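Given below, in the form of structure tokens, are the structures.
Here subunit A shows up in two complexes: once beside subunit B, once beside subunit C.
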Partner chain A sequence: MGLGLLASRALRSSRIIRNSTRTIVSTPELKNADAAAAAAAAADAPSDLPKRNPVGGARVHLPNPDDVIEVFVDGYPVKIPKGMTVLQACEIAGVDIPRFCYHSRLSIAGNCRMCLVEVEKSPKPVASCAMPALPGMKIKTDTPIAKKAREGVMEFLLMNHPLDCPICDQGGECDLQDQSMAFGSDRGRFTEMKRSVVDKNLGPLVKTVMTRCIQCTRCVRFASEVAGVEDLGMLGRGSGEEIGTYVEKLMTSELSGNVIDICPVGALTSKPFAFKARNWELKGTESIDVTDAVGSNIRIDSRGPEVMRVVPRLNEDINEEWISDKTRFFYDGLKRQRLNDPMIRGADGRFQAVSWRDALAIVAEVMHQIKPEEIVGVAGKLSDAESMMALKDLLNKMGSNNIFCEGNGMSPNADLRSGYIMNTSISGLEKADAFLLVGTQPRVEAAMVNARIRKTVKATNAKVGYVGPAADFNYDHEHLGTDPQTLVEIAKGSHPFSSALKNAKNPVIIVGAGVFDRDDKDAVFAAVDTIAKNNNVVRPDWNGLNVLLLNAAQAAALDLGLVPESDKCIESAKFVYLMGADDVNLDKLPDDAFVVYQGHHGDRGVYRANVILPASAFTEKEGIYENTEGCAQITMPAVPTVGDARDDWKIVRALSEVAGVALPYDSLGAIRSRIKTVAPNLLEVDERQPATFSTSLRPEVSQKVSATPFTPAVENFYMTDAITRASKIMAQCSALLKK
Partner chain B sequence: MFGRLAAQRLNEIRTSIRRTTQASRSFSTALNYHIDTPDNKTDLPWEFNNANKEKVKEILSFYPSNYKQSAVIPLLDLAQQQNGGWLPVSAMNAVAKVVEVAPIRVYEVATFYTMFNRTKVGKYHLLVCGTTPCMIRGSRGIEEAILKHLGVKRNEVTKDGLFSVGEMECMGCCVNAPMMTVADYSNGSEGYAYNYYEDLTPKKAVEIVEAFRKGEKPPRGTQNPGRINCGPEGGNTTLLGEPKAPPCRDLDAAE
Partner chain C sequence: MSQILKRLKVPPNSASLEEARTRTFEFFRMCCRSIPHVMEIYNLHDVVTPSQLRSAAAAEVRKNANITNPKVIDMLLFKGMEELMNIVNQSKQRHHIVGQYVVGNQGLVQDVSAKDRDASNFLKKFYSSNYS
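Then we have the complex of A and B:
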């Protein structure tokens, strides 16, 4: 390009400014609307239309053939169920309509106008997200009118937007950026002052740059509809409109991080992630969350050896597209207090780094000196199925059968699978119309399950009865009592809530896993079984009897039969193998017992340990985890292990060899074949395996329920395991948000 | 040649930017978030007084019991009258409690409507119309005159707490432009008045202010003695005869 050309360009543009006769239409065909329309009409001919696929490969479910209507999208006929919006119809026809305020899981606001399309016989472009599709409607999404409408809306949206993409964390994954590239004009005509808005302090997780906000109100709707905290609102009017809380208030929701994802611009971004990385530098690894028993599907975004952030993955059956704040923000705990060398406690009580060979030799030697029944193995709450299998096999080979998983109690009932999983399934909860929560506070134990219950309660006005200590709920509930006696009353039918259960079509009972630690747990479960029987909770077409587990390892541990031979094994133990177990109570452990701690964090378990074997965290290994509803899922390694750490099962396998009782597998595949012989359901990955037998087969119990009130199972939502306890962000959250 | 052109272009851009900064955009003056002050804090108690509690009941009775939140605007209005013309955050919280919604839903309404004042106003809140017809007829001059007379800025309260001046958009009285409204909170919600003073001149406006200061209630409506309500000065000039029936249809024959 010659200088002359440049110069004439500069001249031309300056002239344009002076006369202010710029044309905003960048696409030439718009200048000649008639010809373009004619061309569009020609393309309309329905003769040889190529087959189109719905956006995102979605499947259309037509529940009732009578309620099906046909509409035409750009001339292409689609069949949709009645009641769908024009936007949904277009999606089914494979046309992705640009949008900002519309979100399929939130109510329709219709306030951004980005989704304008042309509908034949309608005088103006219509907002497709809010317009119900009517039979025979002729929708046009790529006519000059529709294009021009979008371009206009885009220009308005960008009018007050700071256009600070280079310093914005959303850059690269911003709806506004993408859609202005695709649908916007190549220049704006706005030369006035832009407005600016005061940033709000929403707490330690969500960073706000409110000047970037385009007032789509997704965050407001999310907060009040999904998270159940009515804190955010749209304040003011016109160009002074802003999102805020009016009085300064932190967003005290366990789901608050999701507003980062739903905000289509960079107004709400992640505070811990701020200015840390650009999203295109990150490597995404699809994995599973292990901080609770829900098994939320996540994507671990890493750069080099570092986990940079965690974002949700869509899984309609488990977490929809949300994750809890703990899942999203615990990741900085992965970088802190890590164990990276095998260590042995010397005579002076200090740890000394040694080689793997020495550490394993010592452990093997001590193990052989101890009587088999004095050997105890404890699997931690973050253990994967493979390592638990290996540990159990090792202990069995040593002659001990004292192995259990923390959280399951000392005498778990592993015989009936339906007795410890969520039989209704998480998505099945949506069909329920009455809930009885027994000793469980789902909001802190399993935030995603709580979100489902809340969704159900909002949609169907389902009644919720709660037995347990006073707790925080974000939906209407009745606090029936604090101790198991209430259950007996409900079982007898003498409690007012019994009638609510009786009248319910699909009643659901959820027992918290905290009950596992109670002495009268059998009696509690018997009472629950009676309630279930009296109220038709378990039928061939409906199973409403559930246990809500607390930890990622629990379900698989019970499937694999991690049940200690004696419930007093800790008191008499001489050798304890802690595989990431930090919350097991070791007070009663004899002082001369030898403790091996195998794990990834220098957490509680390390204080008592004699030998430390560094293991990899779940972000660094492949492992099967079964969630509370009985769905096995696999984590994938996203980052390399730190230091000298090794995968849990490999350590156990190596130890078995040093101890002379080599386990018969040395690859993940082989260990999985071994698992297949014990719990084949664990290999049916990503598919929920319902329990075969119902709990009605449980033996009679003579035990009586005690009057001890239920206790909260989770004291602090933000810090439940070794990783979250090491996380600074989680510490901040618990300091600020837990009052 | 290229350098010169570029410099010239740059200069143009500069001037165009400079030009726009001068014409600064004025936004509605009230903040859209709350800042704690000694007389406006969330933890200050606030309640409807006994007389108004009756009114609250009456207002609520207009709405179905499952749509209580519909009463939020009249209740905010009542609270504002009771509180001397402005709504502290605790009053909004009280309203939220009455209509059983989260406080933020009430804040949203209160910040949306400019007639809800969220900062202190005078006993007489003077609102000068600033929309085009009134502006053309000299509303700026009127506002200036009042502000100068009272020695305050817009949205400021005079030292004696009697007056404050604000701006309003068109109040539907353009035919008698320029005009202002006086919201009279001097007697609580019982004596509350909201009167229009039309056909103002700067002098007339100041006189009205002075009358209020003396405790008088100057007559509302047009201040031009030659006009009756919104009729033209000196009597009607058109439509003088009897109105004729529409010529199109013979209604008797139609029967």
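Then we have the complex of A and C:
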């Protein structure tokens, strides 16, 4: 390259600069940022600043008064604990800093640079999410320098971001869209081709449009830190950087749906929800998930009579802000296989639709022809407390006391509440430093509880011992054995793991609800009690003895005393009332027994039923559910009922009147005051009610543990109840992802 | 008939309740006089009798029996007149008439069995719908 050429280039480029009148900065004072900053600093002498509240109404807990530092955010003094970042300090001061890569539950990456703020005596704007706040720091979030920095970052991010908001599913709830409106420039200088990235196949749940990705790496951090799968990663450098799975591979986590929520742009969206609705058309109903015993807080987004999607709600004590894939994607099952008319099986074995009047009359007539002790009621996994109360009252009025909830076994221990709930509480698991899992695979039984255990194991290096069949864990664990004999060894202290349990400060034992169905369950619980006693698991300040339930109805059923009079009641039954019970074993039921199925899905229970009474699903009714830690929560109706269906408790109440034994309540309020006399804790909604007495009051058992190995309680994570079995997405998941 | 109705103008407000009352009767009579014509143009002979239609019209009027404000009565009369015009001019279709005045609000299925008479309010509501 000759000198002349170089000189002409320099000339040309300088001419371009001189002649350039086009600038992206739309606010004139930003063109001269430094001068404007100086002027602004001189102008505002902070005299009386209005009181500002933390973002989102958050409360700051200052544990140690010595570790408190004071910083100034926009001139407003704020006290924060040591170790907080500048961004957190700003949030406490009530200033929301724009961000893409920062997420409070994930590690800090600091790569999007959107959170730049100005700090006095710092030569450059600093990335507030990664900068620790120092005493006396003067942070300025609204200065021309900070604004200019944001505008610049926005321009770079939008350089390679496609302009496809009109066809993007994230449109309307997109961080990039919102922040470019708030902080971006109104014009761009980019004229070249945008880069494009090949979409990845992450499975049936997460749709990817990788060109939209802004490389915030939230999904990568979520997968490796919270979900515990090293599936996602960053490939390439510079402008060739992309998120992917390294090799063609599906994302196999049970929490994979959460990457849809944390993705700030439309790169990862919900595949079943793709192009179905816009978020501003949807009506959100705050409700509770019933597909497992955790009771995750969810928002049901519906449009008209249709549930369009399910998204999590924040609840620090239960599900934080995540939900499992089953909770998020089972909703299409609510549209399939629904029962919408009362039906009676005719002589030819076919069902015929009849009116409610006729259906109830037949059931009432048959019920009166049968001896009281041959009447059996079974509550299903998805039953709410009100309907179980009504069913128990109806059967008691008929003279029968054979009523139970499926999953609780035939002789459940309903006397001691501490014997069937999670005494440590889900959030309490974070304090533990040793876990003993007995016959439970929390990853498939209660994915959110498993996420807590994983969080604890990651934070405190807690030891996890597991007794049960070979299972998949996403954290370090020791497989101690497969049968209850191992428990006896640990109880005796001869097992190597017992020393780990003994040395632990806050040991936790979790027994799976699958044990309820074992013949030697009393002996297993006795062995667990001995382990608890020997290792100081239950103390006045710590209760580490837990049962992890499987179904949403279990805890409330035991609270309401749904215990059958005899454990052989199914064998001798002549009249069985299945209230949504599909997984109860009816093989031993006599052939001439009359079966009434009340429920919302045509599932297993219907095959044997003589009469079908259509009921509403949990998205269509108000009902109390108690989760595994003993916290009662209420579902809210999001959509109208299907066809001629009625709410569960109303059906039982109407049947009682037709049968001539009318129950004394005819409103939800009245049935709740009836529940109050039986289990007042069920009405303390959204507040965990701990058990009063510990399990040490349990009577001695002489039973010996058998050598039968523990069996998995949940065979297929994606299909556990009538709704999930009817779901097409869950069927795809079990075909592709089941391990 | 339609010629007569076309010549009708919106009259000035009623001065008193008494005037409104006479107007209401006038209106009802006008309805009754138009019924044979309506039966004819909508071909209603095989589904309803003139007396049934008359009582349907009377029920519509009686629905507002408790109103004492002459202004409100005038407004309702105006709406009633509008409805009558629509019917007489055949701006409606047969199923509108059948649905509104022949079948009525109770719907086609009226299965009130003898057993229901001593049923509680809860059970009656339960049979009709899940929501009350």
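Rule of thumb we're sticking to: the second predicted complex is superposed on the first by the 701 of 739 C-alpha atoms of A that agree within 3 Å, B and C clash if a C-alpha of one lies under 4 Å from a C-alpha of the other, contacts with A are read in each partner's own complex, and residues count from 1 in each chain.
Quick note on the criterion: contacts are C-beta pairs under 8 Å (C-beta built on N, C-alpha and C of every residue); 3 or more make two chains touch, one makes a residue touch a chain.
Given the structure is predicted, the values throughout are model-derived calculations rather than measurements.
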| item | value |
| --- | --- |
| Contacts of A:65 with subunit B and subunit C, given as first, second, both or neither | neither |
| First, second, both or neither for A:56, with subunit B first and subunit C second | neither |
| Between subunit B and subunit C, more extensive residue contact with subunit A | B |
| Which superposed partner A:191 touches (first subunit B, second subunit C, both, neither) | first |
| Which of subunit B and subunit C A:669 touches, first, second, both or neither | neither |
| Which superposed partner A:658 touches (first subunit B, second subunit C, both, neither) | second |
| Which superposed partner A:233 touches (first subunit B, second subunit C, both, neither) | first |
| First (subunit B), second (subunit C), both or neither touched by A:244 | first |
| Contacts of A:540 with subunit B and subunit C, given as first, second, both or neither | neither |
| Subunit C-contacting residues of subunit A that also contact subunit B | none |
| For the subunit A and subunit C complex, residues of the former touching the latter | 355-357, 616, 640-641, 645-647, 650, 653-654, 657-658, 662, 666 |
| Subunit C residues touching subunit A - in the complex, by the definition given at the top | 111, 113, 116, 119-123, 126-127, 130-131 |
| Interfacial residue positions of subunit B with respect to subunit A in the complex | 1-2, 5-6, 8-9, 12, 16, 20-21, 23-25, 27-28, 32-34, 42, 89, 101-105, 107-108, 111-114 |
| Residue numbers on subunit A that touch subunit B, as the complex places them | 3, 6-7, 10-11, 13-14, 17, 191-193, 195, 198, 200, 224, 230-242, 244-248 |
